[in-house]
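Going by the order they are written in, the chains are A, B, C and D; count residues from 1 in each one.
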Amino acid sequence: MNQLLEQIVEDCRGYTSLGKVATYIPQLAVADPEKVGIYVVSHTGEEHYAGDCFDRFTMQSIIKPVILLLALLDSGADKVRALVGVEATGKPFDAFNYSDQALTGAHINPMINTGAIALCTLIRGENYEERFTRLLELTRTLAGTQAPEVDRAVYLSEKKTGSKNRALVYMLKAYGMIDDPAEELLDCYFKACSILISCEELANIANIFAHHGIDPRTGKALFPKEYARYVNATLATCGMYDGSGEFALHVGFPAKSGVGGGIMGVIPNKMGIAVFAPALDKRGNSVAGVRMLSQLSQALDLSIY
Amino acid sequence: MNQLLEQIVEDCRGYTSLGKVATYIPQLAVADPEKVGIYVVSHTGEEHYAGDCFDRFTMQSIIKPVILLLALLDSGADKVRALVGVEATGKPFDAFNYSDQALTGAHINPMINTGAIALCTLIRGENYEERFTRLLELTRTLAGTQAPEVDRAVYLSEKKTGSKNRALVYMLKAYGMIDDPAEELLDCYFKACSILISCEELANIANIFAHHGIDPRTGKALFPKEYARYVNATLATCGMYDGSGEFALHVGFPAKSGVGGGIMGVIPNKMGIAVFAPALDKRGNSVAGVRMLSQLSQALDLSIY
Amino acid sequence: MNQLLEQIVEDCRGYTSLGKVATYIPQLAVADPEKVGIYVVSHTGEEHYAGDCFDRFTMQSIIKPVILLLALLDSGADKVRALVGVEATGKPFDAFNYSDQALTGAHINPMINTGAIALCTLIRGENYEERFTRLLELTRTLAGTQAPEVDRAVYLSEKKTGSKNRALVYMLKAYGMIDDPAEELLDCYFKACSILISCEELANIANIFAHHGIDPRTGKALFPKEYARYVNATLATCGMYDGSGEFALHVGFPAKSGVGGGIMGVIPNKMGIAVFAPALDKRGNSVAGVRMLSQLSQALDLSIY
Amino acid sequence: MNQLLEQIVEDCRGYTSLGKVATYIPQLAVADPEKVGIYVVSHTGEEHYAGDCFDRFTMQSIIKPVILLLALLDSGADKVRALVGVEATGKPFDAFNYSDQALTGAHINPMINTGAIALCTLIRGENYEERFTRLLELTRTLAGTQAPEVDRAVYLSEKKTGSKNRALVYMLKAYGMIDDPAEELLDCYFKACSILISCEELANIANIFAHHGIDPRTGKALFPKEYARYVNATLATCGMYDGSGEFALHVGFPAKSGVGGGIMGVIPNKMGIAVFAPALDKRGNSVAGVRMLSQLSQALDLSIY
């Protein structure tokens, strides 16, 4: 297995040159585009890895499934579903995707920015500082380590340049979907996107979703199976932005990518996978990352379809 | 198992009153909205059923995965992929879903009308009569019986009232995506939608997709595994129109519905399921059908997520 | 005045090289891109001209105001208005984006293809042959000559390649806005677009609209003032496709262009103008034509704003 | 003339019950829906009026033409045109639908919120306080009185509830169209919308636009004719929101409405008109106001088309 992963990293390293690191957040532009790492945690807790898998990178959109999970835990599936729909949008991750006069939850999805931001309002907390703290805590619990923390430079960079996310928040407010103070909500979201993670930690998070809430390292149930299904199903249809259909075809399992270059792959009942390679394709997915997952899926017949 | 299915049919019969039979094709409006049937074919070929599962109904959109399969078999995945994309649209089954000036394959999907119609051009044949004949033959082979044939009244009704599909065909032509004669192509598509099927036959078709091209009844490989994956992945993200995300959440396996009231469910490596109940919800999915699949999925833990 | 027109033709001839003749209808592609003509008919019936103003070209979209007029004459303003709106946008002042779920008359306009085609159904006649004949007669009456007739090669070329217009017709039918046989309706529309006209004739048509239905040559009232206002107002807001706003700014009077290279300009209470130059900009408006109208408007202070 | 105006006010008073005062800004909801006033200033400076024409109301969108004028005066037509387009639609003549992938100046217009806000960045000033002061000064100059000032309650109400405008500003920033600090810019815009005006003052402003920059009261040229044409042309195509086409048809001259209930009408070379009646139709135009302008246009044959 380790040999297979080494081989995959070697084969896919060349693909990094086909992508570009994210630049819309200045601080992301400093990432090294040649980094490539992979980490796999199996059912029995065995861990395998290759490449730059201990490097840390910001989660960016990969925090979205964790936000969805925490909103489910704190407010229940009914409230979550009432606020944010589950249909694929066929739109890029930051699209203004709204019909005529009305914006309703049916038009948005937890895996696009608008949906993830809206779901932050369903996290419990006195204020957004507390909500964020609870989100970070959950991330650490799932990762199995206290290591995840905010990359302050990235957070400040997002905060400074996040006009599109600000527009989305004010639109949610304009349509009466949320009522909370915009800047505090955005602050929580920007911090959430800036949480640093490694492939090792991310693979452990994925593995818990794969085992429907049970941490295979401890056997402990961290959240209900139905919430794992909610998250995994959403990842399957929308986790890879407007490349989700393509990914289902060529890779074939729930996954979530982030513009930091990471992708988390969830193989239900089997394993959790994390890859990292900051050079992105035009949809915002890691080029070498998708390629590695595709090769691994072929090699181990991981498609769930 | 038979008892479970009887129970499910009984439980879900009441849901028929929440929907309405399709009326946009006059001939579909004569369906009996109180019919309810289910049929399950398992891995080992065991068959279980309940309700009106031997009634015949027109396949309508359920023919789309068969069209996709035949296009793959006749022209290969590259040509199919070049013509029609795989992203979810988040649009209803008959949406005009086109940006500004350009319509490209990336905007369409094999499971919406535009995509399925376009894929008919990739079926081999001297003319559209022959192409349709080959499609009907494949349907019969998958169903394991010569029974499937065209419901002439429905076909003529579709042909007469199919303005939206005509508009879609001419748009495909206007954007240079297809070049074939519109009426012959439409004729092929209208006939394809009008093929009569029973739950029993449909469950067998589903079971072959579930077993990646191998017919569990005979052990014979009817088509390559990669094409089964192509179809199943597409069903998972787009098979239930703009209710696909919801369906992934509550039911959790690849499926395709048709406005004739049927739904085909594919549980990879496990079983094929077909349900029938002509009363539809506003997205065009069978109300009691979705409900039956949901209950069965809960009872047998069939979600793949 | 003749000297002014000669000067303008000379000045603007160079602009022809900045455009391209229409090619989407093969027969239009044979036009000579270097032709440039202008014709002005004043209040008192004085006529002035320069360049290739006696060349004949097909009216294309310039027939739209005549279709609108005939629909008004035959069915009245209420029916016209009920079928087809008059907004350039059909969107609220603060819309983000646009729904594609419904098509109603409010979304279309007599000066775009969909609207003009729909309005053909409000022309009186036993069949579309007769409706077209009546439209041709009206065109001849306004032009003051029997010369206008169908360019058969262009008509057949449009008929053969008109997939986009076919798509529009079937969409109108799909949304229940029209009920007439598609091909007959299209035939009428394609013939209407293929009517040959000269700048001289077109300027006379424009002059009648400018004088609110009264032909200054004869003093005879050909149609009610309110219908002239209906047409002129629609030209002012939508006559130059998506260049209408720009045209209002730089030229400043109601006008209608066609992809045959002609533009008809209506200066209320003052004059009718026609220009011809087949090389088009990317919006489908004659490059040199717009330029000539702009210079003439400056020289004679013709803007109505 | 005074008698005519009295008659019109009387006739149209009943229409107020067909509309509703704006409520999206809480402070606007307190307006008296039964108010009706009209004021006309003619070429020679004669003034006629009837009804509640000395009441003061906030300009709201009627400030947009003044913003456009000041941007033109301060930055020139080229810069204005480069930032914000002039099309009502921005769509080609045969577009099916609309892309949401890019936002450029071509998609916006000075008479919609996005465009007017963007144009504030082209007003000269050290900061937005100064820019607003210059805008207020220009308004006073055009009105011929120092009376116009900010309604502080309305301004604060807009500032507090203006989520949609905030969304628009951040969208402009996200697409790189503007670079200025969002809240200061919005503050300027909210204050601008909250300037109090009377029909008398507004009619004088309209009259100056009608006379292409020359104040008929003093004979003094306040701005170049080409800028008046720019503003008037834009009003003609887009001044009445998505009721602009309808207004061109039934009334027939450049006009600008605001959700405060006012409408300014510009009859080039002839007169300036202002009406006031706070009950609005669903497009945001004063019901009785449009009706009064329509009757006056009929009575005096004011249509420019």
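We adopt the following convention: contacts are C-beta pairs under 8 Å (C-beta built on N, C-alpha and C of every residue); 3 or more make two chains touch, one makes a residue touch a chain.
This is a predicted model, so every value here is computed, not measured.
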{"item": "Maximum centroid distance from chain B, chain identifier (CA atoms)", "value": "D"}
{"item": "Equivalent of A-D within the choices B-C, A-B or C-D, defined by over half of its residue contact pairs recurring", "value": "B-C"}
{"item": "Chain B and chain C, separation of their C-alpha mean positions in angstrom", "value": "46"}
{"item": "Gap in Å, rounded to a whole number, between the CA centres of chain D and chain B", "value": "54"}
{"item": "Whole-Å gap separating chain A and chain B, where each centre is the average of the chain's CA atoms", "value": "32"}
{"item": "Contacts with 2+ other chains: residues of chain B", "value": "91, 96-97, 171"}
{"item": "Chain B-touching residues of chain C, taken from the complex the two chains share", "value": "100-101, 163-164, 166-171, 173-174, 182"}
{"item": "Of chain C, residues touching chain D in the complex", "value": "61, 85-94, 96-98, 100, 109, 111-114, 164, 168, 229-230, 232-234, 236-238, 241-246, 248-249, 252, 254, 268, 283-284, 303-305"}
